[in-house]
Structure formats: C-alpha cells, structure tokens
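After the structure tokens below, expect a handful of questions from me.
The first chain written gets the first letter, and so on, giving A, B, C, D and E; residue counts start at 1 in each chain.
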Amino acid sequence: MPIDFFDSSIFYLGPDDWKNLSPFILLFAGIAVLVVAASMRAKDLVLRTLSFSFLSGAAVLFFASLLSQGRFFLGSSMELGPMERIVAGGICLIAALSSLYVRGPDYARHSEWGALLLICVLGMCLLPTARNWVAFFVYLEVLSIPAYLLSALYSNREKSLEASMKYLMMGAFVSCFFLLGISLFFAVSGSFKFEAISVAMTAAAGPQQFLCFTAVALVFSSLAFKVSLFPFHFWAADVYQGAPAPIASFLAGATKLSVFSSIVLAFSECGLWDIPGVSLYVKLLGVLSVVLGAVMALTQSRLRRMLAYSGVVNAGFVALVLPNGLSVLPSVIGFLLVYALSVLICFAVHEIALLRLGRSMDDDLEINSFVELKSKLSPFYLVLLGFALLSLAGIPPLPGFFTKYVLLSVLAKNSAFLLLAVALIGTFLGLGFYLRSLVPMALYPAIDSKKTNSETSSSGASLTAIAATVFSLLVLFGFTYLQGLISSAELMAR
Amino acid sequence: MIFEGLRWILLAPLLGAVLNGVILQNKSAKISGLVATLASLVAFGFSVVACSQLSGLNSAPEQNFLIDPLFTWMSSGHVYVPFNLELTSITSVMLLVITGIGSLIHIYSISYLSEEESPWRFFSYLNLFLAAMLVLVLASNLAVVFLGWEGVGLCSYLLIGYWYKKPENTAAGMKAFITNRVGDIGFLIALFVAFSFFQTGDISRLAERVNDYAFLSSGVPTWAWYTFAGSLLWAATAKSAQIPLYIWLPDAMAGPTPVSALIHAATMVTSGIFLICRVWPLFAMSPVIVDAAFWIGMSTAWLAALIAVSQTDVKKVLAYSTVSQLGFMFVALGAGSPAAAFFHVITHACFKALLFLAAGSVIHGMHHKQEMSLMGGLKDKMKITHVCFLIGTLAIIGFPLTAGFFSKDMILAKVFAAQGVFGYILLLGAALLTAAYMFRAYTLCFWGGARSEYAQKAHESDPLMYMPLVVLAFLSLFIGWLELPEVFGHFTKITDWVHSSWYGVGVGEQAHLSHLAEWLLMLITSVLSLTVAYYSFKIYQRNPEFKILPEPLHKWSTNKFYVDEAFELLLIKPSMKAGRFINRISDETTFNGLANGSFRFTRLSGRLLALFHTGSVQTYAWHFVFWSSLIVGAIFLWTL
Amino acid sequence: MDPINTAMLIFWPAIFAFLLFTFRKNKKAAQWANMVFHLPWFWFLYQSCLLWRSSTADGMFPIVFNSDFFPLLKSNFALGLDGLNLPLIGLNVFLSFCLSLYALGKEKLSSSYLALFALLNAASVGSLMAADAFVFYIFWEAMLIPMFFLIGIWGSKNRVYAALKFFAFTMLGSLAMLAAILYLWVQPDIQSMGWHSIAQLGLLGDGLWSPRFWVFCGFLIAFLVKIPAWPLHVWLPDAHTEAPTGASVILAGVLLKLGVYGIARWCLALFPSIAVLDVVSFTMKVLALAGIILGSYGALRQTDIKRTIAYSSVAHLGFMLLGLFSFQLAGFQGAMFQNIAHGLSTGALFLIFGIIYDRTHTRELSDYGGLGIVNPRLSMLFVLSVMASIGLPGLPGFIGEFLILNGTFVLSPWFAFFACFGILLGAVYMLRIVRGMIYGETSSVLKSHPIKLSFSEWGSIIPMIIAMIVLGFWGQGLIAVTARASATIIYNLQGEILR
Amino acid sequence: MSEGIVVMGQVNLFQVVVGILALAAAIGVVHSKSAVSSALSLMATLFLTAFLYFAKGAYFAGVVQVLIYAGAIAVLFVFIVMLLDLKPSRVAIPGQKGVALLAFAATAMFVVVVALLAVPGLFEPGLQESNLTALSAKAISYNFVSTYMLPFQATGFLILAAIVGVIMLAKSVRSPSNESRGEP
Amino acid sequence: MISLPVGELEFHVFVSIALFAIGAYGFLCKRSGLIALMCLELMLNGVNLFLMTFSKHHSSPDGASLFLFIVLVAAAEAAIALSIFVILSRRFGSVVLDDYRRLKG
C-alpha cells in the first residue's frame, strides 16, 4: 500500500501553525538572502543591516508568539513552549546586537559570515525544542559547524585559524562521545524519544543503572564541553582570545544560554536527574568550575581570557542549580541572559578600545594597557565597562545582582547550604578579578600617549550604538524580567 | 533654698577665659591680666554674697544649703545627672579660699608675666582653671564634680605646658594629665557604683543613704561599699599626690610659679581631700579604707619629707613639702577626723601659697634662676619677700599661735586619740623633718653671703607682686584662730561647718583628750620643732652644703629614691612594649598577613593551574577523557 | 510634611549626583552647586523631623514611606523613621554640608568626585532608613562602589591596595548577610521581607545553633566588619590613611556608624532572644574590649597620624559595641549618643588634619612640631577636638562613654573596669599626637609650608566645633530623641533576659 | 521477556572474520608510518564495516557506507594527503601521555564491554514487532520523513553552512597575505 | 555458516567499542592533524556499528536514521577540517597539532 508522502498522523501542520513557525521561517529567509548577498560580495555595512534586521525581526516574533501562542508540537523533534520561545528570542537578540559590529577581515571581502551567523542562530533556537536525541544531535551540529567556521573568520591571521582548528577538533572529538552516549540510551531503551527513555530509565535496575549513568555522564560531559564547565573548559580561553570579538561574545553568551536551557529541558524530560550519581556529578562539576575558574581568572592578564574564565565561573553557578528539575529554568534563563548582555558590553568596549589604540583587529588587550585609554576614550565607555563588570560581579544596584539572587535562592530553597557557601565564595573571588580589571582604567593616573587616528572610525559609531542599546536593555531587562517571571511561571504549567 | 547667684560665681571666670582666650588675645600682660583678675574678683564678690546668704540661714541642718538648679546634663535609664550648683557650709569656706587666693594670684601674675609674649593664653587658662575648680566645689552631683575634676586636670596640663617650646615642660604636662587620668578611673568606678547600687549621684542623697535603715537592709553587697570608698581613695591619691601617684607634682613645677602656687599648692591638690570630706559618712562605712588612708598619708609624709631635705631647687623643696603636708591631711582623715584634715587644708592653702609666691618673687628677682646654691644673703636685698617667707616658714613648722600650729596640733591630737602614742611619734618625726628642711631652704635663700652675681644684683619685686604676699602673710598668721583646741576655749568653727555639711548625718568624733594631755602634746611638739629649726638655721648659716641625712640615704633622697625610674621601668616601659608587641602580632602578622596571604595563595594556585593550559588540542582532548572517566569512576565507586 | 519628603531625603542626592555628572566642564560651578544642593536637603530633613515628631505610632520602627518595588522578591520599598536613624541622618547631612564647604576651591576635587560623594550620601541615608531587608541590603552594598572609587581614584600613594582591601572585607561581611537574607527569603511562612514581618517570624527556633542563631550571625558579621570590631578591623587603618580628606571624614562620620546602627536595628531589635544568650553577649563584649585595648595599643604604635586616629576610632567603636551589648537603657542610649559624638570629634580631627595635609603632604608625626606657633587658632581647635575624642567632660565624648560604662557596669562590672583603661590609653596616644604636632619648636616642614586657611576651610571646621561644644552640655536633647525607640528595644531585651 | 522472535542469533564465522579484519585495519590506521598508508587502511576499515552491515541485513546502510563514507570521505582524505605531500609522519609518539591514555581508554572501554557481555539479557529486544525489514531502505526513509522531518531539513542548512564556510576558507588561501610565520 | 558460541550482539558491540577505543587513542597520540581526523572517522565508524547492531536488536529504524545523520555530519566536518588543515599547512607549513600553541595560559 503506497505511503502518502506526508503521514498526516505524525507530521501535521494545522492552519495557524505557521504563526508558531513564523520566526523560523523568517530565519530561513534570512539565510537565503544572506547567502545571495555573500555571493555578491556585499560590503560589511550591508551585511550588518541585513543580519541585524532579520535577527531582530525573529526576536520580536519569538517574544510576540510568547504571549499569543500556546504550546506547539512538531512530532518529537520540536516542542515550542513559552520557555523555549524566551530562550530563542534571547538568542536572536544577542546575535542581532553582536552582528552590529562584525568586521570582515581587511584583505579580502569575507561576506559569508552573515549566513553562517544566522545558521548558527537557527541551530541554537532549535536546540531547546528537541524532544528526541537524534534531533538534539542534529541541532547541536547545526549550531557548532557554523561556530567553527565563524571563529575562522580572519582566516589570514594565525590566531583565528588556530582557535577555529582547536574548536573544531575538540568539538568533533566530543560529539563522538555524545553520539556514544545517545546510542547507549538507544541500546537501553530502544528509542530516542525522551518519554521512552524516561520509561526505560525508571525501569532500569542493577548493572543497567550503571550503564544509564555512564550514558548520562557521556552526554552531559560533551554538553559541559560546549558550555565550558571546569574539566572541559580548556578550549574556551583560546577560542575567546583567538576568535574575532563579536563572534566570541556571541558564542560566549548565546551557546551557554541555549545549551543550558536545553540540558534542563532534555534531562528533566528524560528523568535523568533521579539516576543515582547524576546530580552529584553535575554539582561536582559546578563546584569545581566555580572555585577553580575563579582562581584561574584571578591570574589572567588579558581581558578576553579573563572573560573566558569568568564564563567558566558563571557556568559553574548555573551547574550548581541545574539538578533541581524544570522549576529552575526561569532563573537560569534570566541569569544567563543578563550574563550574555554584560559580556557583550565588555567585548564591545574592548573592540572600541582596539580601534582607538590603533591595534590590529584580532589583537587582544592586556588589562593594564587600558590605562592609556583614559585619555583617548570618553568616560562614557569606561562607565559602561564598569557597569558591565560590576553587574557580572553581582553588586546590588545592578541587574546582575537580582538574577544571581534569584539563582542562589533556588539553592537556599532546597537547603543546599554547602553549595550556597561555594557560590558565595565564588562571588567573593569574582569580586577579585572583576575589580582587578576595573582598577587600571579607573584608578591609575591617565597616561596621555599620542592620539592615533583610527581609520575605521565609522564602525566605532556602530559600536557605541551597540553599547548604548545593550546598556539600556540590560537595565530594562534586568528589572522587568523579574516582573515577567510570574506570568511566565503560570505559562509553564502544562 | 534656691539662690540664683551661684551660677554667676561660675560664669564670671568662664567669661573671662573666653574673653581672653578667643576674643581679645592681645599681647600685653596688663590688659589680659586685668580682665582675668576682674573676672576672679567678681567671682570672689559673688561668693562672699552667697556665703553671707548661707550663714544668715540657720534652719535645720538638713535644709541649710543653697541650691541653684541649672539644667539636666544627662538622664538615661538609671543614670540621672542634673547640673545643679549647691552651697553648703564646707563648700562656702572652700569657695572663699579658692576665689580669694585665686584673685591674689591673678594680681601677682600680672607683673610676674609682664615680659611674656602671649600672656592672654596664660590668663585664659588660669580663668578656665578657676571655673573648673568652682564647678568641682559647687557641684551637687558627683558626675558634675567629675566634670570639674577632669576640667581642673586639663587646665593643669595646659598651664604646666605653658612654655611649650621646651619639650620637658610639655612632657611634664602630659605626665600630670595621664597620672590624673589614672586617678579619674577610680573616680569613674566610684560613680558607677553610686549610680548602679546607690541609685543616685547626688551627694546629699548619698550621705542620707548611710542612715536610712531601709536602704541599708536592702542588700547592697558589702563589696559595693568597699569599692566605692576604695576607688574614691584611689582618685584622691592621684589628685592629691599621694604615694603611688605623687610623681607628677614635683615635675609640675615646670610651669610658671603662680600656677604652682594656685594649682599645685592651694586648690587642686586639696580637692581629693575635700571630696572625701564631703562624702565622709559614706567613706566611714568601710573602716579598712580609712586605715589605708592613714598609712598612705603617713608613708607619703615621711617619704616626701626625706626627699625635700636634700633638694637644691627651691620650688622642688616646696613641692615635696606640699606632698608631705597632704600626707598629713590624709593621716588626719585616716584618724577619723575630716574636720582636722579640712582645717589643715585651709591653713596649708594660705601659707603654702605665701611660700610659693615668695619663692616666685625671689626667682623673679634672680632672673628665673631656681637653684638655692646660687642664692644667699637676699634678706637685705628683698626685705618684704624675706619677712613674708619667714612668716610662711614659721607657719608651716607650727610656730605657736600661727595657722600651722593650730591645724597641725589638732591633727596630732586626733592621731594621738585614735592611733595612740606610736602613731603620734611617727607623725611628730615627720613634723620635725618639715621644720628641718623648711629652715634649710630659708637660710640658704636669705642668709649667708651672696653666692652668685645674680644674688648680688637681686632686687625687690614691684608692689603688685609683694602686696599679695603681705595679705597672705597676714592670713597665715591669723587664720588659725578659726579652730581653737578645748584648752583655749570652745571656738570650733571648722568642725561645726564640716559636720553640718553632711545634711544632719552625724558621725561620732573620737574620744576627747583631757586638758592635761592636750597641754602636754602642744608643749612637746612646739618645743621640739623649734629646737630643730634653730639648729638647722645655725648649721646652714655656716655650711650651706651640710647633709642632714647620713650618706647612703642622702644620695637616695637626692635622686628622689628612684621612684620615677622605678615607675618607668616597672610599669610604663613593659606595658608599652607589651602593647606594641601584641598589636604587631595581632594586626600585622595574623590578620593583615591572613588577608594578604590568602590573596597571594589564590594568585599562586592560579599560576599553577595555568600550566595545564599548554595550548595543544591533544592535551585538551586528553584532559576531557581523563577527567570524565575519573569522575565517572569515582561516582560509580561512590554510589556502589 | 507628607512622607514623600523622607523619600526625597534619599532620591535628592541621587538626582543631584546625575546632575553633577553633566557639570563636567568647570569645577568651580560644580563645587558651588554641591554646596547649594545641601539647602533643600536640609529642608527635607527638617520636614522628616516634623513628621517624626508628629507621628505618635509607638511601634518599634514606624514605616513612613511604602511602595511595592519587587513584588516577586516579596519585598517592597519601605522606609522607616524613628529615634535611632533620625540623628544619624542629621549627622550625615551635617557632615556632608561641612565637607561641601571644605571642597570649595579645591582644584583636585573634580565634579565626578562630588557626584560619587552625593551617591554615597544617598546610599547611606537609604540604608539608614530602609525598613525592608532586601532594600537595606541593596543600599548597604550600593555604598561600597562610590566609596571604592573615592578611595581608589583620589586617595594617596598605595590607594589601590587600600580600596581593594576595603571592598573585599566589606563584601565578605555583606555576603554573610546575603546568605541570612536568602535563608529568610525562602522561609515558607514569611509574607514580606519587611522589618516587621521578619520580627514576627516565629518558627526559626530559639537557642544556640538554631537557624535563628545563624541568621543573627549572618547579619552580625556584616556589621562587625563595618564597625570594625577587633579581629576584622585591619582594613580601616589602610582605608583611612589612603582616603582623601572628604572620604575619610564621611567614612568615620557615617559609614562606621552604620555598623552600630545595623546591630541596634537588625540584630538586637530583630532577634532579641539570640542576642541575650550569654555565649553571644559574652563573646561580643570580649570583642569590644579587645577592640578598645588593642585598638588603643595599635594607635600607640603608629608614627602616621591618620593611622593613629583610625585606630582611635577602632577603640571608640569598641566602646559603642560594649554599650549595645550592655542590655541597659543607659548603655544603649550611650552607644547611640557616642555614635554622633564620635562622628563629630573624629570627623573634626580628620578634617583639620586633612587641611594641614593638603599643604604639607606628609603624615609622619616626626615631620611636625610647633603648629601652635605657626597657626595658634587652628591648633586650639585641634586640641579641642582631641579633647573631645579623649572623652573630656564638657564635650560630647564624655557623655557617651559615661553612659556606656554605667550601663555595662550593671551587668558586667569587670568589663567596665577594664574598659576604663581604654580611656587612659586614649589620653596617652592622643596627647602624644598633640605634643608631637602642636608643641615644641616649629619643624622644618611647617616652616616651608605655611598653613594659611581659606575662608571656606574655616567655614567647614567651625560648625563642627560649635556642634561639639553645644552637644557637650546640651546632650540631653539628643538623648531624649533616642529615648522612645531604645526604650522599646531594651524592654524586649530585658524581657528575654528574664525568660 | 517479550515473546518476539530473537532476532540476533549466534554470530557466524563470516562476521567474526570480517570483524577481526576491521580491527586490524583500524590498528593499521593508527600505527602506519606514512599518512597515505593510514588513509588506505582507513578505507579498508570502512569497507569491512560495510560487510558487517550487509551481514546484518542492513543493506541500505551498507551501500551508503560504501558509497559515501568509503567512497567519498576516505577518498577525500587520500586526495588531501597526496595534495599536501607530507613528510612521513613519525610513529605515534606514545610518550607518557599516550600510554597513560591508552591504559585509561582501554580499561574504561573494556569495563563497559565486560558489563555488556557478562550480564546476559542486558538489552532485552525492542518492543516493536521484529519485522526483519526494520533496517530496510523503506523503513529508514519513512522514518526520515515522519519523526525526523525537522532534523532532516536542518541538515540542509548544515551542509549549506559547510559549503559556504569552505568557500570562505578557500578564498583566504589564494590571496597573498602579509601574514608570515611568527607574527609579532 | 558455522556459528560460534558467542552471541552476535555481544560480538558486534565488542568490535564497535574496540573501534571507538582505537580511534580515540589514535586521535590523542598522533602528531599529525590529518591522522587525527582519520581516527575521528574511525570513532564515528565505531559508533555507527554500535548503532546498527542495536537498531537490528530492537528492530527499530531510528538507529539507522541516526547512522545516516552521522555520515552526513562526518562528511561536513571532514570537509571543513581538511580545508582548515590545507590552509594551515599551506600558510604555516605544518599539520602537526602541537605546533599551534600560540594561544595558551
């Protein structure tokens, strides 16, 4: 009997389903347009406006659909709930802002980065919606392949190539382990769907329990690599330093947000948290990355490497909170979003500093070389950078504090006081390296070295635009998010 | 009975001080001196009016005092301190002494400081001192007495350090202030006991506490009485320069002589004894402390006398004689008769002030040279100062019918009645020593040939200086008549005043001596002291370097029995060193070290960790496999 | 006198701070604007005083201004005003006014300095008035950033080390407080983070090592670091010596007081049953005594004048801690009074020395000498404020110390006895400074740098000296202000003792 | 146990021989002297695993393996190796790093294998009815268009990204760059 | 065919895990990047074999579809990796992974 091409029972698109998928459709269109633009060797400005408009459009659509649409299922490969929409919207927002100041390499018209950026965003938006491991794997690859390529944007400079080579090799190596993990799941439960696996997990007994634990450990360690938790964070510092600034900032913020939320969704969907040893494993990684990440960050002399290790510390904070099921999701998303925006500001101001000091575009600045900045940069940027760093450190009047407070309250609610102590020690050490990087800018006397006229002053303008918008968003988002939290909490109830 | 005038006694010197110190600040001694003297005279006038007001009032003993309530200084919980001024019989006498002698000294110092470059500072401090002393005397609440007590300490610090260019003056000032502060701790403890156990700071109510039976049986712990009396005694020893804490008085001579006369002879040093006389009923409740006072007084009298004998500086001799006379007053208190002590306070104030001012005019004449070895033969160059100095010396050794005779004789009588013959003989020995060193000083200064060109050129000071001398000489001759022993008829003004000031709380005086015993005592003391005086007069005329004490004792006494060095060695140096050591240990090494150490430790471990980041992809991959399998293995074993 | 005035007490300096950021060009205008800004601030203070006096609510901490700020975090923006925090706010406004006078004509103090100063004022007044644990924590931490930059940018030589150390220590303390607030926040039956709802929170259990004890310790550690109590005081000497004059006056005058106020409001009043445990009160008294004795020994050891004054404030704050834990009305009110007295006397000391330091740029005692000859009036004021800080009767220092020691004597006579030695040591090291600076021959430094005060500098010192003299005799007025609030707190504490 | 027909019977000789050969070829990849020989032994392993798939009845998978994996990717490797005419890379340097890892990887893996083999019935057969045509092309392709519809589309973007990326990288090779080894 | 006592499932699992282990070992030890990439393919091959065995065991086509996805992804990765290595060797003269250590610390 002939099988009609679309078996309506599984893959049925209702009349108003296009509203749910509209942001994805917009992304698809964006990718197409940008590939065409790439082939026509469009200049940076055109690429920037195009990618910014598509990405911000997608973000608006995601947030709009958050209020109007309910849950949308597409077989087991996509489930679009309110939380996934917020995550996707956030990712598009971050991508849009970081695409504003991407600069193609100076020698050749590299205009492909637009398409790659959009494909990477697509991957990130899809990841939390996956409800079976095959889809999860594919979205993960859709996310990481363009990431490897984007970090090789300045392909004539050794640093950028080395960073992307490292990221690629490590990424491929780790995805093999990820595959082994999901095939173990498949071996135990006979299917990749999360529900089937959760049934199998509860039924597992004795030695099979250990097998499930190894499967979960393999899967989680490969995802921990993506999010740069402690033992698997070695690549982070090199890629942050090597990759071009906007790409590094986008990757730092967006990957953490998307991967962490998909871990929370997938692991609680599969019921993996109640396998003995898993929550201990995750918490152990969290503690290690908070403490050792902070210690590493204290010794860094370069701003971008310090931001990499602060990324490890913040990932550690989230890992401490992870194994408490689905209720943890809103605070995790809030925390990571504010973290991403702050990192974005840091990289943006770093880029402006590069321009003003007349350094080559992929150079990364020593923290104490910021001293000469005082004479060349208007204090507005220094205040911005101070704002971002102190918000990362979690000093109260700044939004970073509120989200960290909500995160820590989850720990307090589950009376995990040891973890709370570790988190507080982490914040204290965090104070160390955030303030230490503020010190040369603010406290040392200004050295008025010669003023260099930076030829790409125009891009400076866009940088300022970014910083300003991010700054306002940050404050706005920091506060309103918390009010919005309640309404989304109801939405969460299935 | 409410009398508004009391506040003006206090405000006059205060205004003087502010006028001189802040507003005028002019350079000439005449004008600032005049302002200051005027202020103290106004105070004297008001106090005379107040005293007449008080004597006119002869109501029942509990009511015969004047009150002038000003404002509540502080009141919180069990501590209620109203800032009221009060005039009782005992305070009225003290008031007259302070303002009287104060004004005389003001007049004296106008000329004494004629060639100073900032006399306004001196006069404003002197007026401030008067104000503080008046607060001490007039206060009705012990806490306000403490205000005066510390204020007086501050002014003595400022005045001793008046010539602040020379570092040893300021060192002497600091020493005085700090030793007084040691005493103030005792006063504070007494205050705390008063407020927490006796529920009041008011002197009159405190005295009533002694005989209201309800309070006594309400179970105040005995240690409260002892701490109260003990700490008061401790405070008095510091302020009135007794054995352990007298070291600041001889150094205080670094200040100008009028200061030494007013503060370190007449008023401040006696405030300790005055305070104990005012709260005597409470003090007498603990006989152990009274005996302690007796022996402290006795040992101070002897020690100071022994040192005074070998001193070469005239002001030092007078300083040690003050310490020894204060010892006498403590002995009187110890013998259980505050009246005798108070009488000696008044007489001593007069003749000691006289002696100091006379010495001052001698020093003034000798162009600020104080060494007796440079003096000699001044009797014909400074006639009036010589006569006054002679009267003062006679008064202090107790020449019959002079002020000293009556008060010293009364103390000796009381001691004989209370402690028996042994106490009497000891005190008599001290009195004889006093006679010895006083006449030594007298003869060295005024008799024999002039031993230096200063002595040749010495000239009599101007009338402004010797007029107060004459007044004081007159006083020290006739003030004694206020209190006659039974033998000479029943004229006991001082005892009535002292007893009546305890708001009717009578404390029985010791048994009375028979007339025969009194005659005998008077005879022995005056004969012996006169013979000693004559002998020392004769010896020192011929041989100025004669040593009264045998050799080992003489060397010790010239070095003031090394008490200062002992204090320095045993108390001040070790505590300072220990303090510095503790602070270095607790602050620098442990806590600072901890703070910096932890920072360096994290920095170091960070650098150690950085070694892991070799940069090659394969080490990163190696780490990935190694760590994941390590943790998985560990957790597997853990969950087994 | 509607409650908006009290809220304006906080927001007015904040608004002014942003205005000042726009005055980037000329310094002169900014400094004059800073001085003028204080007038409406005084007016708001006056209105709040009227509001306080008219409010008859006899409750512990009458809420004056309330608007919901964080419904999610169960906290709303509540401000309270009563006898405890009003005098401190007054002191804050007064000191800041004197410093604005001092800042006139100083070319080093740019408009961003003044803006940070206004932010610091806003945060400190905010934390004084906050009646909600969360809002209190935000203002408490918000004080750190401006102070960090004030010390860090305008300080003297190794200011960076001092600023970092200050930030690290205070942050350590406030993290302990954050843990306590977090624990309160997750309690099931807590309605709001308001001060009153925490006070009524019943279930935390009582006695030693109970959760209530840990929450108490969380709050206490933050305040002990701020006070600074003895073991945690190592940051104060560095912060004081490196801070510019204005910052160290405000640090001594307001920030340290917040520690004492914090203990009174958030420890003693909120958890009386824990504070009264003899283990807790004994250790606190021992710490206080250690602070007094070792603080004084510390001061004795310093050759740097500002460090000596810093150590002296460690000793004075040790007294206040003793007063707070004496559980007597006299002791408590004494501590509150000493708060103001110490603020004035140490503030005056720092200001006068700051003025001298602006000209001589050296802090070593050996460089000084003979100031009395060079500038007799200034040295007279210096001696007066030294006497105030030693606690000479007739000046406010004495009243505070006398009440504290009286209070402590009732329950623990031995502590009072040993604390008296603090007074003695205080006299020793302070007079050492006076002798080193004022008396003796004029030192070469003073000869080469003439100390001639400008009119604005006189203007900044005179009000402080007058305030001290007035407070010395009229102290009862201030004690009456704190009477009602501290009576209720002591009543609860003594109720707990009897239980 | 479900009553489904036990699909996996005993292993026959053919599978064993091919399996062992595949392992040998894999070791050859790792320990061969020159890159070319390791590329060729990689192609050998791929072919041998394809045989295993055929043995298992997964003909479609086997064909895909042969055509795409062995045919295209391995050939690409050989082509690149020839292009870059590398010097014969020295034998893998075991060094302490390698040995430690070898020990670790081996033990970890064998623990899992032993667990699998020792415990019979660890993986009881799946719940669907065991139709033998599970691995046929029809079943796989049907699967693609139903449950994994969206990932299938997403791989389109994956490939697009790869192509665009390679073009980008290729452009940088041609143009002379001022970049020289040891950039300051 | 002659059948051996060992179960088909267990043998295939053993072969695939062995392939995976050899691939991992090769990736970590070989100095040349290309060989490392080949070892990567080996590891993926091991996983594919594991998947196919269990797909047959559970007789569900999901395993096979993941097999196809893996082949696809491997192709994409190989393409990119090889082009990067081409540039690295053309520009910096070496394919040895350890030579690229500039970003460290």
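The definition used in the following text is that a residue touches a chain if its C-beta (ideal position, glycine included) is under 8 Å from a C-beta of that chain, and two chains touch if they have at least 3 such contacts.
Bear in mind the structure is a predicted one, so any value in this text is a computation, not a measurement.
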Inset, instruction - Trace the shortest chain of touching neighbours from chain C to chain D and give its length in steps. - result: 2
Legend entry - Most central chain, Cα average position: C
Inset, instruction - Tell me, please, which chain's centre (mean of its C-alpha atoms) is farthest from the centre of chain C? - result: D
Inset, instruction - Going by C-alpha centroids, which chain is farthest from chain A? Tell me that one. - result: B
Inset, instruction - Report the inter-chain centroid distance for chain A and chain B in whole angstrom, where each centroid is the mean of the CA atoms. - result: 80
Inset, instruction - List the centre-to-centre spacing of chain B and chain D in whole Å, with centres computed as mean CA coordinates. - result: 103
Legend entry - Mean-CA-position distance for chain C and chain A (Å): 44
Inset, instruction - Take the average of all CA coordinates in chain B, do the same for chain E, and state the distance between these two points in whole angstrom. - result: 99
Inset, instruction - Give the residues of chain A that touch two or more other chains, as numbers and ranges in rising order. - result: 134, 138, 141, 145, 148-149, 152, 155-156, 158, 165-166, 169, 173, 187, 190-191, 210, 214, 237-238, 432
Inset, instruction - For chain D, write out the residues touching at least two other chains, lowest number first. - result: 97, 101, 105, 112, 123, 126-127, 142, 147-148, 151, 155, 158, 161-162, 165, 169, 172, 177, 179, 181
Inset, instruction - Would you please write down the residue numbers of chain E that are in contact with two or more other chains? - result: 20, 23-24, 27-29, 36-37, 54-55, 57-58, 60, 62, 65, 69, 73, 76, 80, 84-85, 87, 91-92, 97, 100, 102-105
Legend entry - chain B partner contacts - residues on chain E that touch it in the complex: 24, 27-29, 36, 97-98, 100-105
Legend entry - Of chain A, residues touching chain B in the complex: 165-166, 169-170, 173-174, 177, 210, 213-214, 217-218, 221, 225, 231-232, 234-235, 237-238, 276-277, 280-281, 284-285, 292, 294-299, 429, 432
Legend entry - Residues of chain A touching chain E in the complex: 134, 137-138, 141, 145, 148-149, 152, 155-156, 158-159, 161-166, 168-169, 172-173, 175-176, 179-180, 182-183, 186-187, 190-192, 237-238, 241-242, 300, 305
Inset, instruction - Write out the stretch or stretches of chain C touching chain B in their complex. - result: 165, 168-169, 230-235, 294, 296-298, 300-301, 328-331, 333-334, 370, 372, 376, 380, 387, 392-394, 398-399, 402-403, 405-407, 409-410, 413, 416-417, 420-421, 423-425, 427-428, 431-432, 435, 438-441, 473, 475-476, 479, 483, 490
Legend entry - Contact footprint of chain C on chain A as seen in their complex: 379, 390, 395-397, 401-402, 405-406, 408-409, 411-413, 420-421, 424, 427-428, 431-432, 435-436, 439, 442-444, 482-483, 485-486
